[in-house]
Each structure stands twice: as structure tokens, then as C-alpha cells.
Amino acid sequence: MAGSTYGTLFTITTWGESHGPALGVVIDGCPAGIPLTADYIQTFLNRRKPGQSKFTTARKESDQVEILSGVLEDITTGTPISLIVHNKDQRSHDYSKIKDCYRPGHADYTFDQKYGLRDYRGGGRTSGRETIGRVAAGAVACRILETLGIRLTTYTKSIGPVMIPDSAYDFDVISENHLYMPNLDYAAQASTYLEKCIQERDSSGGMIECLIDGMPAGIGEPVFDKLDAALAQAVMSIGAVKGIEFGDGFAVTSSTGSINNDAFLSENGQIRKATNHSGGILGGLSDGSQIIFRAAVKPTPSISQPQRTVNTSGDNIEIEISGRHDPVVVPRAVVVVESMAAITLVDLLMQNMHSKIDYLKKIYL
Amino acid sequence: MAGSTYGTLFTITTWGESHGPALGVVIDGCPAGIPLTADYIQTFLNRRKPGQSKFTTARKESDQVEILSGVLEDITTGTPISLIVHNKDQRSHDYSKIKDCYRPGHADYTFDQKYGLRDYRGGGRTSGRETIGRVAAGAVACRILETLGIRLTTYTKSIGPVMIPDSAYDFDVISENHLYMPNLDYAAQASTYLEKCIQERDSSGGMIECLIDGMPAGIGEPVFDKLDAALAQAVMSIGAVKGIEFGDGFAVTSSTGSINNDAFLSENGQIRKATNHSGGILGGLSDGSQIIFRAAVKPTPSISQPQRTVNTSGDNIEIEISGRHDPVVVPRAVVVVESMAAITLVDLLMQNMHSKIDYLKKIYL
Amino acid sequence: MAGSTYGTLFTITTWGESHGPALGVVIDGCPAGIPLTADYIQTFLNRRKPGQSKFTTARKESDQVEILSGVLEDITTGTPISLIVHNKDQRSHDYSKIKDCYRPGHADYTFDQKYGLRDYRGGGRTSGRETIGRVAAGAVACRILETLGIRLTTYTKSIGPVMIPDSAYDFDVISENHLYMPNLDYAAQASTYLEKCIQERDSSGGMIECLIDGMPAGIGEPVFDKLDAALAQAVMSIGAVKGIEFGDGFAVTSSTGSINNDAFLSENGQIRKATNHSGGILGGLSDGSQIIFRAAVKPTPSISQPQRTVNTSGDNIEIEISGRHDPVVVPRAVVVVESMAAITLVDLLMQNMHSKIDYLKKIYL
Amino acid sequence: MAGSTYGTLFTITTWGESHGPALGVVIDGCPAGIPLTADYIQTFLNRRKPGQSKFTTARKESDQVEILSGVLEDITTGTPISLIVHNKDQRSHDYSKIKDCYRPGHADYTFDQKYGLRDYRGGGRTSGRETIGRVAAGAVACRILETLGIRLTTYTKSIGPVMIPDSAYDFDVISENHLYMPNLDYAAQASTYLEKCIQERDSSGGMIECLIDGMPAGIGEPVFDKLDAALAQAVMSIGAVKGIEFGDGFAVTSSTGSINNDAFLSENGQIRKATNHSGGILGGLSDGSQIIFRAAVKPTPSISQPQRTVNTSGDNIEIEISGRHDPVVVPRAVVVVESMAAITLVDLLMQNMHSKIDYLKKIYL
């Protein structure tokens, strides 16, 4: 595979460049019989679209999605679902500056090295707009998970130095602030910090956390397609993500077995765990408790400060990146992380359907 | 796929249980014409085999590897390489205790949930012995990387609270201590800490770091098979790993663009970066500088302290896990991390061979 | 995979229904640096579009293709190439008849069994229009093969009882007749036969033959992805194809080794074969001589004669299929067979690039 | 993939050479909970092992299979099943003759072209012994199909000019003759014919037919993984197979729609077809009737007649192939065809489990 397809059974293939005519995704392997409308998908795309606040790019895109196949009378038919979003605001720029230089923190240099050329218009395939296809497909995945009683809660845990402690979470307010933070006070602090970043022509990193409730136990495939391994690939494949951790994550390195092990308890015939250091995954399989992971997102590389770099002729130069850029990508990336997680969960739920002969008998006998 | 195969072009399929007759791996897609002997592979397996020090399980296994196919007169033939290691010390245990209870921190419960049964003998497929196949295949991958001038340096960065700062690295001593740490003083401190763990019938976590030198720029496949995404899956698929980060990793969340962006420089006609916050990867492709990542390893779940848990009948019970267990798995996991990284690099180097039509012309015209 | 993606390295993902807004394909893994225009692709689509003669459906479709991504300034960039063809003539039919009954020879019944519902409008996903994506992708594959000096010649070998003997081939006239036959006299006979079929409200089967010249020796992957096995899947996946054979094909069943073996000869330092019973493939790998295969195509199942069948309520009924149908699909399927073969060849040429360590050295050292 | 793995969910990876220490297969994706013993698998291997009659090679191999993993107490555990067969009779030959020349009809030349070298000992990976892994895995697949009430009947339909008409089938006698023919009279004729071949130091081709009963309707994945396309790849991947056809096969080329279409009938609430020209597959999905296909097998290329060929130095030479060779491979290939078909059916039955959201609900709600 050349990298634009993800998933084994529930597969998504994305395509499109920042300044081409359109971007889209083909979802193959979506079961038949699921109610699905463009409006439903649009609610996900709206969470990532630009122009939601002063902290997002000024590019004007409605990001309206169209369903081109795979759905008949608002019901999925089992055939590939092709979704398309037309680019509207691909301004006729003077790209000569960007065309001939390697922006620090961007993939200009590496794409040139790999392909011998690159689509320099607005970052081409490496633009954040590439995630439109992921989110459109994520909406479909979430539709399936809903049907099975599985819910994802995803939000901004930190922006720059402003991090919300677990004890301060109020999930009801996530959608009430443009930063998608589960606490309005911290959101206000983060806003102040971001305004300072903008003034300083700089940008900020941050952290996204995702909680998954309702997953049945036993999902994930040993050895290489463990639930955490699959989620790691899915989330790390999002541009700007530099790390991922599950449960206690990097804190386990200085912990001990007696603390880190989660005791099993039996209550009223139900088995549960006394704690959840593992983040809901044991041996690469869901353990029936809440799944928890965090992703580290780097600061937007496009900043308007002067930066040293090199042009394609190999001269040392200085550039200032003007144009429309988010001072932080974290809030818009929240729904991207949720989408990639949802797609992964659906795929692994499907893969698990072959784990026991009893499941085959249930379907075929 | 059911999870025991990894890789797209250079694929490994591992098999085997802790207490079955043997474990092994089939490597498909290894190019013809590479010198390869069992002795070479053995040097990798020796780095993970038990009994190297007082900090590893007392299980007696020589872990001798045999080549069953794919090599003729010490040269690879291009056909699948089947490697096997026979289990020698699978003691005829009384497994009744482990068979009927769910050990905290282990996959007993999740395997039972997934499959309706599990191989309870020594952890079965979830035993650390599962990594034998990975390491044997990793040796073959490293053989290929050597040929292309690519080198991996992997070591224990921390054990419990004992972490070596970057400035104190001495890579020459890695193989001179059983903890595979690049500093003998810190290794001594870590030993002391581990002895305390053993006395307290407890275990420790730690961190593994991997450096990759000599990678050409442009390796990795956008969008979903980015170099970091692929490495993340590879390394997170190792049991006990709970997080992975690249370059500055989680520290980017509180950094700014002006700091985090690595400036490009041109010197004597060569392009290089002034800093390496990105850890050698930009836009999911290698950028020609050193690749750096760290993996968080949890404390060994098998501890001999009494622990609360549940048996398969759903009763709350207390267990003490006797038997042969490492107080820390980090040192033996070092070569496993290196192996998974090497396999991933080879696979992506192969995938990159189709990126330009010039490459096809170079081979076929 | 759910079946709409084909290929390992050069992958195509098709989507779209007969009466939806559009159909298309996403090609991932196309190397960068190849000249490509919509006009070039259009020449392939024109060979399968309806309305070329009285023997093709009267549906009016220009089948104009648009390139939505992956090409910049008429050069491929290495990113996914998204191609789209809008449906123009999806008449607002009364589908009630077709909706509620199972047409003989069609997939109505089997799709209902699989998915619990189906897109009944013009056959939905099972329409011959599904092949638009294959042909558009086939054009791109042929563009690559051209660059490498590999040529495909595909044509109608027989229609009904009218079969052209090998000795009568005149490849120059293939494009000069609407039946894509390499002999104008036989084409005239076939036309007469088809007119009789039309009068009798019946349809005809036929045979397609494909010749491949210029393939280097050694292409194909043992064991399961042999060149002939891969071509067989590719061509058998085209609706209406009921058989495929290579070289002497089914005739080998009554042949002997002394006849069927092709002797090797050395002439002026070149190795060639004295005969080509094998059809250019030995042990699943190209042997450097011409590759030859034939596909059997069944008669169009849509005929206007009254036919017995069953409706979705389970009643025995009689139907007459009116509407726009080809009395023979063979001529339009010629370019579909060529396309699937070309895609397969490109994929296997790419896969072969990892067969020797020398190839990796050639690219990376 | 490099070609030694087959299947998407139920995957088999084979390895091993004719004269290496052993051959084997790793089956990944086998559901847990299936009774399985080495004895059961052995019954399949015995159908392909040498020495069953005068028409098979005199090589002495018991082909005893061992289960190395994935089975506990005669029940599959869901983890990879590793099966191994040790070579016993890999005589220490003088291979100098075969090593330096290209045998007609064999893959010596093409392997040398692909890999730059080859395992010349007894054909290496291209030996018929490669099929041992397929048959061992096929046994496991058949075990699953049995559980679901699906049965395969596979046999020799023709040897050389001796072909059994459909009307003369007596399936009870298939195992009563060494040629695995469903008619003892025809088997006797075929024996006489083969004796003549042996006398003339020649070999014969033949045809294998496979019938599949009990398949539910709707199995197969449109578009590229149609049931017939998948079976075609599976069967064409067997060395010596040069063609495959389904139902009426190549005869459809001269048929008409009115004859070739199978009418649907409703009887007692059951839908069935009046005829079965389609061979049980419509639109690439099983239609609930008997699946029928035939494979064309070429004459054994190893014949002891003198043959012209070329040596590796490029000289024209004459060779006589001595050694142990079957005058016809058809009878031993019968179980190989059945195995590949069974593996394909299991894989597609698994893939179909995601076709409807109702199936997911049945498993998870």
C-alpha cells in the first residue's frame, strides 16, 4: 500500500490536496443497513472546519460534504461510500516564495526528497485539509459505534502550559468553547495564552485526550494488531502528533508492579477492575473498562516570525510565512483524533468477529 | 489479518507459545543475495535470552535458532525464511492455580473474553517468549540495514527513577552491563534500585530509547503509513509498552513554534538541520537527520506480593505469583524494540522504491 | 478488505453506482514524475463508453473523466490520483418492476441475500458502469508500462460461434471495427450473427485474448501471487467472465510433456524459447516471451425475451427486460480486460523491485 | 506481500524447499474452539503424499505432520497454528547437472532471472512439495467448513484424452482408485494411458473438477474479491494449473443469454434455480446452488526423454531428466485444489460477517 488507505476490513482511502478542486474519502467495508445522511457527517466536519474562532485560519471554507455512492434512501447499501468536499477558497496566490524554499517544521524538504517534486500550493497533500477525509469517515465509524453502544469523548487537555487536571473535567462544556476544553476557566486561560502567542507571531502545542466507553472486552488482535498498537498508528498518522500514551503512559516508567497492576474485583457477578492504570487495555485487548489515551501535538510550524532556512537552490535564506494559519491546531485536531480512533475501533470490532467458531455458527447456522 | 503478521513487503509471521514445543517466525519478502547464518541471528537472540543476570528470569533456555528454509549456502534465496527455536525448559508445572484465575496486569482475562479459552501454560501466546520471533526477524532486517549503511543504537534510558540524561551517554558501554544502559554509573544505581524491588517482591518500569543513523531522507509513506506512525504500531505492539514519543515528544505540548521548528542550513552543498526537535521525521518522512524515539515500558506484572483478583468462577481471591519472573523487562526488551524498528525501516525502504518513475527506470531500463 | 480495492503497491479503489451522481476511482501508489492528462485517460474510457455502435446500449454517456488530485501541471506527484466520471443519463425510470424481482443471470438475488437490500436502480454497483473506474486506472497503468517498453494488445477473439484463428490475425484493424476484432471479415460475420441475436431478442457470449510484449523475465511472486494467479483474479473479477486460460490453456489437459515443454535456445547470447505453449509464464514468473491469456465472457443476461423468475415476495412470475442493453458485452469489455491486466503488471513489476539486494543497493547506495 | 501468504482473515503462510530440512505452514486467523488433531490433518496429507501408486514418484516420504502451536488439548486456541513436515528422503544427489541447466517447462530460468540465484536441489521452492503447507492448512479449513455444513467433492475429471462425462460420475469410488476418478472404468482406461506415457518416457496432463455444496448465498466480496475471482487466484496459484472455468466455463462464449440464464423458481417458500449454467455464482457471490469449477493441469515437465535446452553459461545442450517423477500430477493435485478452495471459502465466509449491521448487532448486542 502507498499509505492513503487505512484499515483491514473497514477501510478508508483518502485523497486530495489543499488547493486542488476537491478532497475526499472512499469508505469500503461499511455494513449495509445503517441510517446515514450528509447532515450527520457534516456535524463532524463542522468541528474541524476553519473560521470557528480567532484561533483558526481565516481561510473561508464551508466544507460541505456530498455523498456520491454507497447510500440509497439514507441507508448504507454495503458498497463503497464516496464522500467529497469541494475546495472553495483556494486563492490564486503567488506561490513563488513557498515554491522555492523549505519551510522549517514542514514536509517541503522531505516530499522533494521522496518524490523529486511536490505540490507546493498550500502544502498540497501535507496540508491539514488532508484530514477532511479522515473526519468524514470518522463520522460513519461513530454512527456504527453508536449503534453498538460505544461512545468516544475527546477534548483538549492542554494548550501550551495550561493543562486541565483530571479532577477538573466538566465534559458538558467541551462544545461550549472553541478550544474544545472540558473546563471553561482553563479554556479562558488558554485563550489568553494563545493571544500572547499571536502577538509574538508564534504558535503553541498542546495535548488531546480521548476516552472510550462501552467497548466490550477482548477487542484487538494479538500480536501486532493490538488495540493500543492500532490506535497508536492511527493517531500518530495525524500530522503534528509527536507522541501517544495509554493509561498511565510514560508515568509507568517510574512506577512499580504493585502500584501499576489493576486488581480485578467481582461484584454482583460482574468482573471489574479496582483501578485503571492500564487505560482499559491488557495484552493488547480491551479489558472492559474505560480506554484512555493522550496525544502530544506540536506547535503549528507556520509562524510569521522570520526564520532561517534553505531554498531549493541550496542557498541559506530567511523567510517570513504570511498567510492564514492557526496559532494552535489542537482544537481542530480533536475531532481528527476521535475519528481515527473510531475507525480503528470499528475495524477491530469487525476483526474480532472471527475469534471464536461460536460467532461463525451464530451467523451461519 | 489476525494479527500475527507484520509488514507489507518485508513481512514477518510469528507463532508459538511459552510452553509449546517451539516458537518461530516466517520472514517473507527478504531479498535474495544477502549473507546470513544462524550464528548471526543468534547474537540478537542472546541479547534477549533469559539468565543473563540476576535481574532476569531463572528459566533455562539456550534459545538456539535453526534456519529451516530460504537460505542456501549461507545466502538468502528470496524465498521465505523459516526460523525456529525449540523450548527446552517448559517445566511440567502444576498450572491449576494460574489456570483458574486472572492475574492482575496480565492478559488472562482479556484472552478468555476474546477466545472463550486460553493457553494458560506460562502465559501461552502472551508470554514474553512471543518476542523470540520478532528478534530473529529483526536480526535479518538489521543485516539488510547494515548493507545500506543504516545503524540502530538502542538502550535502556531509565529504570524506575534512575534516568540517564542525554549528556551522560557513553554508547560504548551499552553491551558492558546487563541492563544495556549507556552509562555504567547509572547502571550501578539502577541495579541497586532493582535489588530493592526484588527484596520488596515488587517490579520496576523503565524507558527504552532508539537512535537511527544513516536513513536516507524521504522514507515513510504519507498519509497513514508515516514513518512515525509505522514505528509507533511496531513498538506499541510489544507487550508492556504503554507509550511512544518521537524527538521532543510530549515536551512539544508546552513548546512554541519558534523553538520547536528546526531551521534548515546549507553547508558545503549539503542541507542539514540546525536542531533536531522533530526527531528526524517531518511530515511522516525521514528528514535525513538522526531518528529518535522513546518507549515507556510498564513494570513486570508478575510480582510475588499477594494481590487481590478474581478466579474464573467469579470469586474474589488473593494470589501470590511464584515462578521465574524478571523484576524489570526493560533490558531484555531493548533488542525487541530495536528489532521492531529495524523491520519497519526495511519495509518502508522497500515501499519507497516505487515513489518515483525514475526508480522503476533504474531497475527495468 | 471489502473488495473494492485491488493491488498491493499500485492500488485502485473504485466506487459508484449506475444511477448515482458519479463513479470513480482512487489510484494510490502511482510513482511521481509521470506525464498524465485527462485526455490520455479519456482515450481508454472512449473504448468502453456506450453508443459506439448499434451493438451497444443506447444510454447516452460521454463518460468525461476529471482528475481531482495527484497531478500537478500534467505530472503525477506520487499522491493519490482521484478520477471521477459524472453520470449524465440516469433517466428517472419506473424501477418498481426491477426493484421487486430477481432478474435471471443478474446479481439481484445474491446482493439481496448478502446485504438485505440493494440499489435496484440500473443494477447499482453490479452495473457494467462499475468498470469505468477500472479503465480509468488502467490508462494510468498503461502509461507506466509504456515508459518501461511493455505493450498490451487486447481484442475480441470470438463472438458466439465466430472465432478468428491465430493465423488470421491482423492487429492493425482492431480499432477499425466496433467489435475490436483483429480481422475485418470475421468482424463482418460476427456483426451478422449479432443482428440475428437482436432480432431473436437474445444475446451472445464471446472470447477476449490479451497479448503482452516486452515484459522482463522473473516478474510474479511465488507462491500465491504468481503472475498467472494474479492475472486470473484480476480478469475473473470482471463481471461476466466465466473462465481464463494461459498459453495452451485447457488444451494442456490432453497434451504430453514432450509436446508441451518449450525448449530453451541460445542465439547470439540471448536465451529464448523455441515454442510458447506456456504463454510466457513458467513457475508463475514471466519467462521473457510473449504472455498470452484468454477470457470467456458470458452472454449479456439482460434479454427482452420473456423469462421465468421469482419476485421478492417469493412468487413465480414472468418478466421481459426492456431498456438499454448490449447484445454482447465482449467488445466493450476488451479495454476492461486490458486495464485489469495492466494494473496487475504494474503492481507485480513494483513487487519485484525487492527481489534482490542488488536492487536496493542500486536505489540507496 | 512477497507471495507466500494467502488470505485476508484466514491467512496461511507457507515455507520450505524440496530438499531443506522441513516444510510447513503458519495458519493465522483460525477461530478458537475447533477440535483439531494431527491425525485429522494427516488424512489430507496422505492424499497428496508420494508412493501411493506406480504413477507417483518413488521418493519415500511419510509426510508426517506435527502441530507446533495454536492447539491446546486438541482444541484450537485462536493463536497461529504452526504445522511442520520434516523432509526424510532428500537424497544427497549429484545436482551438478540440474544446477547448471534450465529444465524446459520448469522455473529454473525464471527463478534465476528473478533472484540471481536459486535453490537447485530438487526444484527448491518450486517443487511440488511446496503444496504440503497448502494441504495441511486446507485440512484446517475443511474442519471449519464441516462445522458449517459445507462439503467439497474434488476429483480427477480427465487424464490425457480420457474424460469422464458428467452423467457417469460415481462419487463413492473416488477414494477407491489411485487416480481419484469418480468412475472405475474410466480410471482403468486412464491407467492404461499412463502406462503408455511411462513407456514413452513422456507425461500427461488432465483436469480436476470441484463441487461445493451447502454454501449459503451471498458469499464473496464485490468488486475485486468476487468468489470466482478469489477461487481463480487460489487455484491458478498451484503450479501446473494453466486455466480455470466456472459452471459452463468456456462454453458460454458460444452460448446465448436465453440458454445461459438460469431461471429462478419458488418452491415451498424456497428460491432455487431451474438450471445451473452459472456454476453457483452470480455477480461474484454464491447463489445458493452448487458451486462448480474445473482446473486444467499441464503434463509433468520432468520427462526422461532427451530434451534440448540451454545451460547457465548460455550453451545449447541436450538433457535427460532422470530421477523420481510422476507421469501425471493430477491425482495428487486433487487434494491441493480442494485445499485452496476450502481456504478461500473460509476466508470469504469470514469477510461476509461484516456485510450487514445486523450481524454486528448479533455478536455484540
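A, B, C and D label the chains in the order they appear, each numbered from 1.
Simple rule for what comes next: a residue touches a chain if its C-beta (ideal position, glycine included) is under 8 Å from a C-beta of that chain, and two chains touch if they have at least 3 such contacts.
Computed from a predicted model, the values in this text were never measured in an experiment.
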Exercise for the section: For the pairs A-D and A-B, output the one whose chains share more C-beta pairs in contact. Expected result: A-B
Exercise for the section: Could you tell me which chain lies farthest from subunit A when each chain's centre is the average position of its Cα atoms? Expected result: D
Exercise for the section: Averaged over CA atoms, how far is the centre of subunit B from the centre of subunit D? Could you give it in whole Å? Expected result: 38
Exercise for the section: Measure off the straight-line distance from the CA centroid of subunit A to the CA centroid of subunit D, and report it in whole Å. Expected result: 45
Practice task
Provide the C-alpha centroid distance between subunit A and subunit B, rounded to the nearest whole angstrom.
Solution key: 26
Exercise for the section: Provide the list of subunit C residues touching at least two other chains, using ranges where the numbers run on. Expected result: 1-5, 8-10, 14, 29, 32-33, 78-79, 114-116, 125, 216, 222, 351, 354-356, 358
Practice task
Enumerate the contact residues on subunit B facing subunit D in the complex.
Solution key: 1-5, 8-11, 13-17, 20-24, 26, 28-30, 32-33, 66, 68-70, 72, 75, 77-82, 114-119, 121, 124-125
Handout entry: Contact set on subunit C toward subunit D in their complex
Key = 1-6, 8, 14, 102, 104-107, 109-111, 113-116, 125-126, 130, 158, 160-161, 197, 200, 202-207, 216-226, 228-230, 232-234, 236-237, 239, 242-266, 269, 271, 274, 278-279, 282-288, 296-303, 305, 307-310, 314-316, 351-352, 354-356, 358
Completion exercise
Per the touch rule, the subunit D residues reaching subunit A in their complex are 8-10, 29, 31-34, 76, 78-79, 144, 147-149, 216, 222, 349-351, 353-365
